[in-house]
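Quick heads-up: structures coming right below.
You will see two complexes here that share chain A, one where it goes with chain B and one where it goes with chain C.
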Partner chain A sequence: MAVRGYDENEEKKSYGSVFLLGTSLLVAVSLWSLWDDNITRRPWKKFQTEFYRLDYRKAKAAYDEEDKKLKADPGYQDLVKKLAAAEDSLTRGELAKKLKSLRAEEARATVRFGDLDQEVKFIKSELEEAWYEYDHAVQQGRNTKRYQETIQELEKEKAKVDPQLEAARQKREQLKEEIKNLDAGIKELENQLSKMAAERDKWIRVMENATVNLGLLSIYKIPKIRQIVLDEFDRNNFDEPTGRVDRCQTCHIAANRPGFENEPQPFRTHSRREVLLADSAHSPDKFGCTVCHEGQGAAVNSVRQAHGEVSYWEFPLLRGAKAQSSCASCHLDVQKLQDAPLLAQGQRIFEQIGCTGCHLVQGYENIPKIGPSLRRINAKADASWMVRWIANSHNYRPQTRMPNFSFKEDEATAIAAYLWSASKEEGDKWLEGHPAPAGFREGDKEMAAKGKNLAEAVGCKGCHGLAEGEASTVLGKEKEIIPNLKNIAAKVGPRWIYYWVKNPRDFSPDTRMPSLRLSDQEALAITTYLATLGSKSEAIAGIEEKLGDAKNAKRGEALVRKYGCFGCHDIPGMEKESRIGVELSTFGSKTLEELFFGNRADIRHTWDDWTYNKLKTPRIYATERIEQVMPQFNLAEEDIKALRILLASFRDKKVPSRYTADRSQRAVQVVEGRRLMHQYNCIGCHEIENRGGFIRKYYENPALAPPPLNGEGEKVQSHWLFGFLKEPIPLRPWLNVRMPTFNFSDQEANLLIGFFNGLSRVEIPYAYFDDRKVPKEHLDAARILVSKEYFNCFSCHKQGDKNPEGPQEGWAPDLNLARSRLNPNWIIKWLQDPQKVQPGTKMPSFFPGGPDNIMGGKDEKQIEALRDYIVMLGTKAPGADGGRTASR
Partner chain B sequence: MAEQVKQRPAAVDDKVHTWPHLVRLEFIVAIFVFVVLILWSVGIDAPLEEPANPTRTPNPSKAPWYFLGLQEMLVYFDPWLAGVVLPTLIIIGLMIIPFIDINPEGNGYYCFKERKYEILTFFFGFHVLWVSMIIIGTFFRGPGWNLFWPWQRWDPHKVVALTNVDLPYLLGFRDYFWSSVCGALVVMGYFVVSTVAFYLWVLRVKGKEFLERWGLVRFLIAASLFVTMLSLPAKMFLRLAFNVKYILVTPWFNI
Partner chain C sequence: MKKAMLVFLVAALVTLPLSSLLAYEGGAVSDGGTISGVVKFKGAAPAPKKVEVTKDKEVCAKTAKNDPTLIVSGGNLVNAVVSITDIKKGKKMAPQKVTMDQNGCEYKPHVLAFIVGSSVDILNPDGILHNVHSYSKANSPFNMAQPKFKKTITVKIDKPEAISVKCDVHGWMSGWLFAAENPYFSVTDNSGSFKLTDVPPGTYTLEVWHETLGKVSQKVTVKAKQEAKVTFEMEKK
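Then we have the complex of A and B:
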């Protein structure tokens, strides 16, 4: 019979085996979880230990090498011996005894001093208390006598102890001094030795840094997470500032240490470390790594996670050149960045090939239409040529910026018909006022030859190629910014050419083509020459009729709207149309779901692949039902990659200003000014920012080519430059090539001045030169210096109407202009070392080495005198006062 | 009566001490549960996704898993019904179980045989409807709340033809008024017919004596709850078999 509350069978049953199984499993999985937590999920520990081993080994090797050198150095060995001898003398004999007794005495003196010092401190402390009690009593109106007495007593005591303390201090100092004198020889020797061994001993510190000393045992340092926190660097999706944590240097521990350039990752030194990671640039302590390289900075569980190459992490590591795309997050002016060449290249292509005609991007909104105006196109182009050009522009000129829309011939005809009808009114009116030029004879050989010479001399080639393969400024690998004219006769006729070269703005007020101030005869010669380049287009049968067909025109209008021709061209009636492409301001942040791959199964689903293929074959993702209209640009492989890096930089990211590079008004002016400079192709003739001057290759003597403009902002006065840009004067009249008249607006001219000043970091654009402060002896001395006996300046430099005496190819600008043109401080810099300011200049260098008999032989004085003289020269020149007149 | 008590000594003997009979086993079970939990936590990481972004909501936007049954019901019913009326009825129904359940068997012990229909009803409502809806909502609903089999990739661009129509339209009604009348009749008909069927079923499996003890009020409450519960599978069937969207369409709510 069972007892209540007691089950005998159950009681007797043993669960021992089940318990054993359960607990063993528990122990096993607990151990596994520990292992998993500390080893499997902390791979960085292994990396760090490995690094410390590497670091130690390298330091040891370096130490051994230095040590060997020192051992072989007799001077060092000599010192070691001397030191040993000196130390020996101090450990034995009379000296040793004396030192010992002195040290014992010093110890006693120190104790005595300490005791007295404490006593004084206590008295002071008690005094403080007594004063407090006294003040308190006064404030409460109590009797203060008692406290006054205490204070007096304490003061008395202090007066007694103070001299004792001073005596004890002196005693101690004196003993110390005596000991030091005995030691002095040894200290000196030790100093010499450590100086000699500094190269070797620095490696000891490196070795110590990689290890931990536990008494006798020395082990590699215990790994720990190394993290950098960037305060309020990010903004989360709710626009609240958040910190960013970078732990990359937990594994990439030598990124900012020299000496690991050839080690495998993750231990390699950052490339161009001295520049890129400098304190003035991107110190890793301030910026971390992910600011440029992205990845999951806080993750350390695995390499893949840390690099952010896992699903759901939106910013995977930017490998290789793609890291350049990060520069644009903080740098407004990416063109000047030496370490982001692809990004800069991509930006130039993006700005100049017309992307912004169809796509809106923040920061690129105001780029003007890149194509020519079609407002009077019927007065300009050959109709049959036009149809063929629209159908496939690359047939006529493979390197043109105009993309190929792959129109069928009937579509091209329709578009041409529309453009014809839209421009008819204005075009016909223009034709009425511009009759065929008198005196033009087609194929006149003599005239054509004259035109050819002229075209090559006045500077046409600064922009236009005139034969196969000739090109001035090339965009990307091979795109032409400005048409090559080798086949121009197929496109336009002599009547249009004549008026165009004479004054391009007469036909098209907004054109970027400048006027070279050609006379009628010159224009006629060039027209005759250009008309011989290529042959007239073969007329398409019935072209007139087709272009006049209203049905065609109507269809053409729809096509123009669909394909967005007005993005690049000014088309009458379509001035207010908006861009037809998608906005790309945050294109770099697009996720895969937002990219349409169509039915392409052969393209990997990554942002990189999508973008590459889109740029290579823009309509590649079209399907039977989804049409794509982006035209074919035929970009070179490297240009596509550069553009892709720029596109990756269009991110939805706001970096706080304390992390960004210069974004001041000055930087904005440089960026916008450079854009303008590119539009007008200044670099076709001039070298600016060490780039360009492409016309120079046509000149054997560089002195006859347009001058380089590196450092122009520092060189010339802003008000003079303004006048010159608005209305150029021949500065170097002996040159055949002409600075054209661009008809810059005031705004454009100011922007260009801001650009040059910004490049030269000119802080104050206007400088006043006070004639009254020029000492007479300066002028006298300079007059001697410029004379034939000394520097003979006027053998090359013009002076007003007075031409130089030397040969023409050696001539140099008019010194009478210096007063209004040149910056007085720049003249000093220039005279000091012309080659430094403008490498390759033919201006000789006179300093250092000025004559000894003038102004005490002091170079600076002579340079200053010359500067004053040169600036004063212009006072006699007509119209030298004021800025604007200087350019007349 | 005294004899009867004597015949049941087991009623005393079936109680035993907590220790060791219960605690010992619980301890062993706890060890194994612990093992499983550790294995689980080591083997499966927390499913973190991308940071929340108010401008880019996830597709599909899913409720916490325990609400996915409700979210799944939204496919078949108006938000007003699936989100307000039905959950309220579920809670009220659960609350009044003690009042409409008059079967005294099974109090204080587990048994199936003596409470077959009560347990089966609960099993149907909780496991078959509620839990399976959660499973469908969790594992079978992908982007756009479209149905995906477990072996299919969740394609955010999946296109499913939208061809659902209302029942009156299917029956040939094109006029608004008559459509409403038709819908209302169908809904009412469903409740009347189902209630009658429920009555006949209870009569058959529980007997007349049970129904008399149950009483009219308790019967009607139980019947309406039961019939409402069955309306979910009924609606699902109509939707999946005939692409029926709603049965009754009114300006205020749809059924």
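Then we have the complex of A and C:
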């Protein structure tokens, strides 16, 4: 009997297995999604848990260590026993009884005080009400008598209760005090114990910080994202400020905690943490990590994603030294950064090897051309040498900054021909006015020997090497910024050398080679000597005609334009040409799509690889259709590394000022002044910022070498330094080496002063020293102090025309000059401890330990008196700038 | 815990300064022997060079002075310091109080050797300004003025080192402070000989140091209560 629409078999069929399957799937998927959401996609949770475990374990070990020490410390154990005894006496016996009764009494006193207090409060509010009614009645012109009476009544009542309240308060306080006194012994013991156990108990806090207590159960802290938001740090494509999210410390949780230096990443303490992550430097709470290290700060799903080492993320993690490239985003003066040596090195190379001749970079626009002027080159160089030099400069001097353009001989000849024809007019004119020096005899041995001695004495070696392997300031690993002259005879002849060493600016007004104020005879001796270094170039057959050929010159002009020789050299007729290379201001932000790899399949497509190979082999990406003209610099591997870090720092970034380091006028002056200082190679002779003074290696007696200039800004007065830079005077007449005349422009001299002042953090360059305020007793005391009987200052120091006894190398600077030269405050510092100001100085310290019988035997008084005396010494000296001096 | 202790121990060992590991232990030496000998100068003895006094002649030129940097007497070297460099245990060592005089603008003795940690009194009986300028590296360098009224300056030398001392006022003055690591050292006398006493039996490295000629060393074996004879030879490099 079948019912319609009813299928018995169907009804009997069991769907249990389907339900089971469905349910299991549902459960499985739920579990999976739970797993995926909490575990797979939260790898940082594992790291954090692991860290808390590590942190706890370390703290526990340290705690146990300290605890063992305390257990072995009889003093501590003694205190523990005393405390136990004291606590015991308060829980049992007479004292306990007393304490109990006191506490009961205190409770009663508190109740009594509370009652009275309440009463007073009620009276006060009733008074308020009465006063209100009274005021109201006055304003409405009603009778006020009723209210006045109420007020008086209430005041009376209050006056009665007030003293009661005060008495109750005192009673309560007194009882409290008594209870406290009974407890005092215990409190004191507890204090002593916790002080002794401080080293141990601080670990308890660390352990507590790594765990959470759930009732009796203690588990490791529950992991959570740790993020920092840097407001307006970045800019979007519409140049609007956007925030930056930085979650790195979710895993790198101990970056700013000491004690994890030897743990594996991500738990390691940041290197040089105390300096780099200090609150005054880059506190990670303010800066996060990506500011220096890049990566994808917001990503936490995987290590690779977080480090930004995935496709299409443009700022992958800067590993190792490459992080140095970030410094330049916020620091203007990178040379002073101790922790960015490669960046600083790269910048020095970049500024001085000529990159800016072809490439424009913001902040580096005004670097002058680094090569010599070719305006009169035909009057200077040997023609055959010139052709070979142009063809491959590295053959003549492998360490030269001049890169190799790999010209064929005919191209080199064409370029030389152009330079010859372009410089002919001015060069020939110069030659007319500068006949071969009278008295020059080639190969005169005696004269050459004299010249050699002179060249070494006056300081030529501060810049030039004169033999194989000699060098002063080296750029990068081994580049010479100033030529070694060991083979100079191949390049130039005695006629040119003579006028050049006498006054370089006569030939080339913009040269950085200074004048050493040589006399004619001295110049002649040095010329004779230099002409013996190396041998004359072998003449190329028919060179004269080749250089005179107008067709050659025309071809040469095109080559000069194509290869941009005017980027480094002043060339007649090319004054208005602009840089031929691409602008590099944002080179570090270039994406792979913007880098041309040519047909190179063997080079990995990364920014690093592209840049490395470009610097190593500049024309490596040339193809049959695309020519490249960048010349070969022969850079050492380490120089390429340094340059690459600098190039990576050229980023398209505008960091808001609240994140940046000093960009004030002072910082600008330091940066530009240092650049100028490098340009004139001051560090060839002088140590500045603890760097340089390379000439010192030639001196056995350091007292005869040029003085170090560390702290010069603080030492000398700006106006004196200005005059000295413009026109140097012999400060230490016993030195053979001469401070040359650089013919600095006013602007340059000011920049150098700003540089020295900036380095010394001199805030106010001019201050006033008031002679009238110098007490007579200072001068009287100092006169005795400087005498033979005491410090005998003039045993070594010159004073005007009065010279000390003995050989000149034992002398010390003229104290008459101190008035206009030295900063009076610096004199104090100097007298206090000369070795601290200039380690190794001949000046001994006279203090502490001045004589007892002068100025009450007080050292600081004596020093002040000496300073006043020294400053006043110069008043009568000729050359002192009349009257009182402006000084700091 | 054990592991932690081990780590701690290793860390402690690593961080302890090397010198304290090689620390010298002093005590009584009952059967000590003696090392004695001379330091010979190889080659022709240089003629004594007169020092020209160019300053403060009334005080400094009273006595004639010879260049002290290389004095050879009867073929033997004067003012060399002979010391045992690798002895760990031996006679008692205590800081001394020693004196260097500048009488007549000359350091006397020219080489002053003493146990490290000693105090050196530097005297100025000349009644003129001297300065004591040390060119030390291990110890912190000093340059102290010693005017007429300061008859004595005392310095303490804390680390073993041969320290050159100069006076910048009188360029010719030079002397040496030799701070020895252990009590076994001897400055060769005017005949170039030296003697080390109470040396516990054993084999040691004996080193001679001279300001101009550098260092030379050799092994020497000392037997109980016997004298070991040693001859060094030094030459100009």
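Convention: the second predicted complex is superposed on the first by the 789 of 888 C-alpha atoms of A that agree within 3 Å, B and C clash if a C-alpha of one lies under 4 Å from a C-alpha of the other, contacts with A are read in each partner's own complex, and residues count from 1 in each chain.
By our rule, a residue touches a chain if its C-beta (ideal position, glycine included) is under 8 Å from a C-beta of that chain, and two chains touch if they have at least 3 such contacts.
Please read these numbers as outputs of a predicted model, since none were measured by experiment.
Contacts of A:G806 after superposition on the shared chain: chain C is touched, whereas chain B is not. When both complexes are overlaid on chain A, the residue A:G320 reaches neither chain B nor chain C. Looking at the shared chain after the overlay, A:N236 reaches chain B, while chain C stays out of its contact range.
In the superposition on chain A, A:C796 contacts chain C only, with no contact to chain B. In the superposition on chain A, A:P435 contacts neither chain B nor chain C. Residue contacts after overlaying the shared chain place A:G849 against chain C, while chain B stays out of touching range.
In the superposed model, A:P834 lies in contact with chain C only, and not with chain B. In the superposition on chain A, A:G16 contacts neither chain B nor chain C.
On chain A, the surface touched by chain B in one complex and the surface touched by chain C in the other have no residue in common. Interface of chain A with chain C (complex): residues 61, 64-65, 788-792, 795-796, 804-807, 809-810, 834-835, 839-846, 849, 851.
Across the interface of their complex, chain A is touched by residues 12-13, 15-17, 20-21, 24-25, 28, 31-32, 34-35, 38-39, 41-42, 48-56, 156 of chain B. Taken in their complex, chain A has these residues touching chain B: 2, 4-7, 10-11, 15, 18-19, 22-23, 25-26, 29-30, 32-33, 36, 236-238, 312-314, 593. Those residues of chain C whose C-beta lies close enough to touch chain A in the complex are 1, 4, 8, 54-56, 128-129, 131-133, 141-150, 168-171.
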